[in-house]
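Notes follow once the structure below has been shown.
Which chain is which? They are A, B and C, in the order written, and residues in each are numbered from 1.
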Amino acid sequence: MLRLDGLTTDYGAVRALVGVSISVEPGSVTAVLGANGAGKTTLLRTISGLVRPAAGTVSFEGLDITRARVEDIVRRGLAHVPEGRGVIGELTVEENLRLGGLHNRATAAKPAEIYAMFPRLEDRRTQPATRLSGGERQMLSIGRALVARPKALLLDEPSLGLAPRIVAQIMSLIRHFADSLGLAVLLVEQNAASALSIAHRGVVLNLGRVVADQSPERLLGDEQLRHHYLGF
Amino acid sequence: MTNFIDLTLSGVTSGAVYAAVALALVLIWRATRIINFAQGAMLMLTTYIASAVITSTGSYVIGFGAALASGLLLGALVERVLIRPVENAPELTAVIVALGLYTVLISLAGMVWGATPRAFPPAFSIRGYDIGGTHVLFAPNDTFIVLVVVAIAGILALLFRFTSLGLQLRAAAFNSEVAQLLGVRVGRMFTVGWALAALTGAVAGVLVAPSVFLAPNNFDPIMISGFVAAVLGGLDSPPGAVVGAMLLGLALSYVGGYAGTALVPIAALVVLVVVLMVRPTGLFPTTSERRV
Amino acid sequence: MSSLAAAVRTGHVGTSTLARSLGLVFGVALLLLLLSNWLGSYHELQLADGAYYFAALAGLSVLIGLSGQISLGHGAFMAVGAYAVMVLVGHGWALLPAICAAAAVCVVIGVPVGAAASRLRGPYLAGATLAFAVGLPALADRFPATLGGENGLTINPPAVPAWLGANFSLEEWQAWIACAGALVVLFVLYNLVHSGIGRSLRAGRDDEIAASLCGLNVARQQTAAFTISAGCAGLGGGLYAAVLNLATPSAFSVTLSLSLLTGVVVGGLGSLAGAAWGAALLVLLPTWTTSLAGSLSLNTNVQGNLPFAIYGVVLIAVMLAWPTGIHGGLRAAARFVSTRRRRR
């Protein structure tokens, strides 16, 4: 459903992505791993249109979205939860959720549905998002991405700054959504172990290039690879 | 000879006008993080247009409407054509563009209408009320000014807080990237923000024109006062802008009454410098520390 | 100025820079001498105008370009300089000491203003200096006895010294005075820009936090830069007084400050040669528009406002073409060239 072909992106004077080709199917989780600066965040930002690639294509459901505008890409059903959660702190929880559905009011999920998935959020619905804990913010950011009933979900380091127990919760939720909603999920993570535990495929980036694209079992089994690129 | 009550009342009136200008500046700052130094010139232009319409149709209401409409249009046009290209550029770039716009508009007005000040009709009588035998220097027109500004501020507040458009405007202002990722047409929101701000400024122009007279540079002082009021209240805070404007209006009125009108612009400058030195985030700060 | 002396003492200003600046100044002086010999009276005055504009523009250009601080109030500093000369000469002072005093007054005023300015960021600084520019001329009305109110102050034109001969025109003498002042500014600023101080200013402009972590007292340097540029503007104002012999509040309005801004933006922020181009623009454009207006029979309203309309359009056009500023545009171009070279 989501295909990247020879994607090449510059970040200032640095070439952040070089010839990246990945394909993500509906109902599956693809983990994107690698050290800091490997180009993982740039990858997601290129897909969602925040950054224009220098070469290569991104296609979504058969449509070329390489040069489309961010708002249009999002309206087609691709949701991106950026680094740092991407909640708007000055707005309340409920306003953040409502915002996610404004461009598609007919089919969007009502906040009530999200609260059913994340009861903790309902307790805080009228509080500004800055008051939420890290874990709650992550839930909110995923929740508001789901409001628009997307078909693909890009997640940038959802485990960042969260306690291991919460990370496990979030990861299992992500896998659950992929399975039950048929989402194509591209999950960028530094925490390779937890990402691979829910992924169907693992892609490793190093200095902007894809150096491995295999099943989680094969990746975890390859000691040299693990050491070199994943740090464990 | 200057009556304290009269000065207070006139301070309230000028405070209302400053509030409208300050609100315009705050709207634009919140949306696009730019201080619109051309605000005074923009509202000068819309007031000239209103004056021309009033003269040709003989109706104040139609002229007022013309000011509002031209404000919306001008704000949208300026954002789309001049500001959009520099929204992500260093701060100074937008400052210089705004100043360039200011210069163009002032020169344009001078070319079309000349520098001779013109009269602008007030909406209502400017003869002060007689309350219980005393004559106060507060007139029906001043009541009109205060009510209109309160109405505009109220409408804007309702718009932002309770409508979907308002939610999108706020989202685009607080975090345009995340708003984009939520499908908000951020560019369109910026244009709307500027249009609303220019509308608010246009109102200020029409309200204050009867007392300052219509000439290209005559709106500069209220632009400065609106800016000082916005900084005083906190550039991110619309209620702050109103409070700051009221305080400033009263303060400048007293200065003008007791120390002479020539010192009023200097007094505004002093207030600005004091605020920026002592409490730069203003009375109602909302922004966070600069992250290193 | 003391920081300059200290810089020379501690060797921050290389002797080669000093020598180069002296060479530059002498070269330009020679050029101006030949030029003024050749020009007629009308153009002598234009040369004089260009010289006092250069003094103000050079200071402003260094301020914005090197230290990253924008000032919309330099017209007000010129006003202070001009009025200072007017008042002092009116009290019997000779012209040269009066001009020096005018520059000194602006340096003194520049210290607290600069200290305040160093604590303000871009748009706030712009707003504060704009308020300064709008508010200061109003003071002339507050003290009409000393400052002459709306009508301003006048002085007698400077007397041409006897040793220049009876045929030496007043205009040429005024041009000499103005050019001499401009050359002083050129000397001072050239040394400033090309010294360690200049480098520190640029460091403070580009990344304040990194610079202070390197031990640079950014605030103090920015204050110094502001003070020096205020002094240059004051000197420019003093030269203005020597040339025009008349100072009115309306001559030093916001429009002047914005014209100065246009001059430095067009010429290139931070560049002394750019300040010269800017001065040429400010002198020649009004002349050109006047003759254009005459040939097109435009009415006086249009004619009077045309130069400023053009300044506004120029400001907008330059900023839209180079959103990172001309300086940023040059840096981007340099980077582009070097990455190209690296890839081969």
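Criterion: contacts are C-beta pairs under 8 Å (C-beta built on N, C-alpha and C of every residue); 3 or more make two chains touch, one makes a residue touch a chain.
From a predicted model like this one, the values you see are computed outputs, not experimental measurements.
S.K.: Which chain maximises the distance between its CA centroid and that of chain B?
M.R.: The most remote chain is A.
S.K.: Work out per-chain C-alpha centres and flag the one nearest the whole-protein C-alpha centre.
M.R.: Per-chain C-alpha centroids ranked by distance to the global centroid put B first.
S.K.: Between B-C and A-B, which chain pair is linked by the larger number of C-beta contacts?
M.R.: Counting C-beta pairs in contact, B-C comes out ahead.
S.K.: Between chain A and chain C, tell me the centre distance in angstrom, where each centre is the average of that chain's C-alpha atoms.
M.R.: Roughly 54 Å, centre to centre.
S.K.: Could you give the separation in Å between the centres of chain B and chain C, each centre being the mean of its C-alpha atoms?
M.R.: 32
S.K.: Between chain A and chain B, tell me the centre distance in angstrom, where each centre is the average of that chain's C-alpha atoms.
M.R.: Inter-chain centre distance comes to 43 Å.
S.K.: Where on chain C is chain B touching in the complex?
M.R.: Spelled out, the residues of chain C in touch with chain B are 64, 68, 70, 72, 116, 119-124, 126-128, 130-132, 134-136, 138-139, 141-142, 209, 253-255, 258, 261-262, 265, 301-302, 304-306, 308-309, 311-316, 319-320, 323-325, 328.
S.K.: Using the touch rule from the top, collect the residues of chain B that touch chain A in their complex.
M.R.: That would be residues 164, 167-168, 170-171, 174-175, 177-186, 286 of chain B.
S.K.: Can you tell me which positions in chain A touch chain B when the two form their complex?
M.R.: Answer in residue numbers: 48, 50, 70-71, 74-75, 79-82, 86-91, 95, 98-100, 102-104, 144, 148.
S.K.: Hey, which residues of chain B end up touching chain C in the complex?
M.R.: 34-35, 37, 82, 85-86, 88-93, 95-97, 99-108, 110-112, 114-115, 217, 220-221, 224, 227-228, 231, 260, 262-266, 268-269, 272-273, 276-277, 280, 292
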